[in-house]
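As written, the chain order gives the labels A, B, C and D, with residue 1 at the start of each chain.
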């Protein structure tokens, strides 16, 4: 059994990791850490785990944990993981960081968007950006995987073939993304008070969200990214807009390119013509659904992607990464059927 | 008192008209028509009107009604109003049509998008497009007002100053609109079953929604329009994307243009810098809130508008139109404070 | 114009008071107080008031306010109002307290349920329990009105005729009440985080909620009260269960009693047989809807009441109280039509 | 592998069965039947199954299916299964009926509550009521299992120990149950239109719901049962009220009785003192959580149970029944961790 520790287990990403790892046939949760809840029963915080997880939260100590487990999942606010992860630790344990600290290759861009100094710039080169379908070979060898953000996973997967194959005018890309409220995390603020986000929709951090440089890094182009908050638990839908370079391209042409990229990927489902993703079709699962439409009147293309922000957008992909790193079947433990109801 | 009739009163737009007109100080509801519910108490269908509206639904008969009331509100599916409205009727009664039949000036475009023959093309020229803030003077004289669609009201108001003043590259306009479920109307289909639209988001009728030509007619440019369904009762948020023509334009420049257009409009609120519309701030009201952001990195602009689809997007604007047509204060009866909770 | 001040205006009850008073034809909001937001624009906190309320929040000073306004609405956590309200103040200003401090006639019961000393027990006798339909005559003369709680308004109104007329076995009363999330107030805690109360239902404070003694005081009987949290913005539904004293009583008998109590009350709607309240039929309004069913198989009765917790359950009833205290038509400013959509 | 057929697979119960059986290690779905969708891809109806289930819906033919599969799951409206199931069929195949036809032992009571003739009364004696924790030994031998209703499973499990051990006054039992909207099934009607059940709560079929006689049959007492509709996808919470027979009973006494009944049951979690069930703690799982509170002031007890209506309340319990019937570990394929987010 692969011994795992979840560092920062009481956030939503941590909860979802615990849920997935509990049923993973070849992994076990050895430690659950939490600073705020140290000493408390994990199942007293998340009572869904009543009679399933009997462990207490412990204070996190990366040094000690790295001697005792095979892989550390780190689910911490940005700026903390890069303080704690040292080269010496990576010699003892594999790390999958679900935070933002190792996703950007450029220290400057990180410091500019996150407004803080990066404390381990020497590891940026080593860290592998853990978008499984794109970096599988590197992930196999990695000691440190930077698990992608939720908006980024959805946006990159949706746009990648079109950008890489030169189908769209890269000066005209707009991403309008919508996320359920779990994407905002567990911290309390008026914006996540039920009474103030239910029955409403808003855009926020317009052209200023920290997932922007991550998308740009992987796509290699500049984009305008606008996230929205939707009154639902989970799910991300990204509508990606651009002008086609060649207006004679047909749906079949574009679809063919997408099938070349994703046809053999278990977790990517390119949808048939005139069918578009809905977040309910991927809820609770590790799938990324992608649909597309050419607007012949304007020569524009609309690409739509959907994921579950807590699964493919965070914890599911993290376990997929673990599977790749440990030579297991990628689908192991993360192959649940979406719960559309 | 202005005598009114609501034709097709049992749909959501009709219900909202009844709600507003009930409290209008200078109008009264003389007739409520419904084919399916003729003979039934209106308050037995919408029990919010219990002890408020005591009328029964009657079979609609435009001829008769036109002799008995001062204004007809028609809230019918497309293709019906244009069969019923004749020049002779317009000599007797003012008509505010909340359906689609008289919004498009071009019979060809109507027939192409609605897939049906237009039965009263001779009235298309006379009908005034009832976007109050834009057509106020014509509405004053109108006999037949075509009340704009919900998505269109929001999208046109949000984009109009930018397009008309030549601030944006009109070849790059994308409108990503999100609507609450009342926007889909009262007809039953699996897409509005609670269990199949709650906790999910989807785009639909991508680049194929019938509000598209209406937006294009009023803005005078081609656009890509993509509507989404949001699990909430009411509200529309339109995010409008485009490239700025001149990248040196600042927020202050754009804001100034918007204030010139809307600064004196009671029902339009241009938001201060870095504050963006949320549908809850306009819920239940006739306001249209507009915010904007320049993405300096890409030279793009994001314009966001919000309305209540049933009020400014339908029945509220219809009553605002009635007020204008009858020489009343535009705000009369439609000046309720948004209910943010 | 009646000059009013809203003390503690940034909670949900305060917001709703502001919304109602803004459109009251004979009252005006002279002061809006808030400790946390003093100096800030009220419309910057609740942007629905953008261009409607231009006042800033001020620090609350009851002494000063009592010289400047005609009526103080106090919307504060329990234990504060009773510190601030002095007999000398009541000689200058009328007070409607929306908190809990003056609702219970017994200082002992207050101190036992609220776990704190009552700081103005000498005012308990003077304070009038402001359940308008029940205490109208006393309210007319009152200087200090204790506005009832939300659950209590709904539960008392639903049960009162049955209890007072001796129709039910008062040893068998169970109240199962359900409330929307605004009832929990604006304070942040995990229980109101969207992600932790959406898509779930729970009972809480079972047989321990502080509205219990208030219900018992007014009904004069002991009851078991169990509140539940429902994933919706607003609304309370109380299902009240009891054994009938006389199993030969029919629906018509009970209905007749209810009509005697409420038939002439504008804000109480006793529903016809086999029709039951739904919170949407009263949403945004000051109505209390009541329905009933006799279970002939068991000799039990089920009485169901519905109100909007923020209107009839708080701010609407407070304004209704103001109207009574100032000799106005009770309905003035609080007669909006429920918004069922 | 156990070969299964899902008869009536396009309802919500059928979808959930498909979801569970797809991941069952020792069962496979051999046939999916649907009258309305015969010939169509199942994954075209429920796109969550895209690339997971490749079968088409077929017309149901019980005779043929009984030759080809080991177990039939029947998810049909009442009155149909009892027409189709014949003794001869039961000699060839095991049947788990998720409808109502074989739950009631008394033909008279069935016909009275369902208003229709029972077409296979001779099978009522043989059919085993499939409440697994209660009838395990009989289920092992059964050919025909009547899977209990959702409200009934929750209510019976919550009340059973208290009733059977004579702890409560059985003349005073009230069950106030709340269900998510999937409980209403997939049929379209205005009551499940998002716009008409979202943001509202109502009681319905008060003291007249068809699950009532099922609860009474299993508990052996008369009860008043009142269901409510809650704006959420899934989950049932039953609050059960009664007077204690002996007011000196403590929480520990009652708890002890519940632990004797359920302490060794994998799928029943009796909660610790002062902790109560929330539907989110069981969502997506086969658990039934039970909490309790004694109201010392009144001598009443409140028992609260929670299940997922589609899992323990329908398809999960059906698979648990299959496991028991085929000698498998009861938990196989239905042991997923609740998804609280």
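Odds and ends about this structure:
In the analysis below, a contact is a pair of C-beta atoms (placed from the backbone, for glycine too) under 8 Å apart; a residue touches a chain by one contact, two chains touch by 3 or more.
Being a predicted model, the structure only gives us computed values, none of them experimental.
The minimum number of touch steps separating chain A from chain D is 1. Shared contacts of chain A and chain B, meaning chains that touch the two of them, come down to C, D.
Between the chain pairs B-C and C-D, more C-beta pairs are in contact across C-D. In terms of their C-alpha centroids, the spacing between chain B and chain D amounts to 45 Å. Chain B and chain C, compared by their mean Cα positions, are separated by 36 Å. Each chain gets one centre point, the mean of its Cα atoms, and the points for chain C and chain D are 38 Å apart. Shown for chain A are the residues that touch two or more other chains, namely 12, 182, 195, 198-199, 231-233, 278, 280, 283, 341. Taken together, the chain C residues at the contact with chain B in this complex read 12, 15-16, 19, 22-23, 46-52, 182, 199, 233-234, 269, 271, 275, 278, 280-285, 289, 310, 335-341. Remark: chain C residues 12, 181-182, 184, 186, 188-190, 192-195, 197-199, 231-233 touch chain A in the complex. Per the touch definition, chain B reaches chain A in the complex via residues 171-172, 174, 176, 178, 180, 195-196, 198-204, 206-207, 222-224, 226, 228, 230-233, 235, 237, 239, 241, 243, 276-280, 283, 293-295, 297-298, 300, 302, 304, 341.
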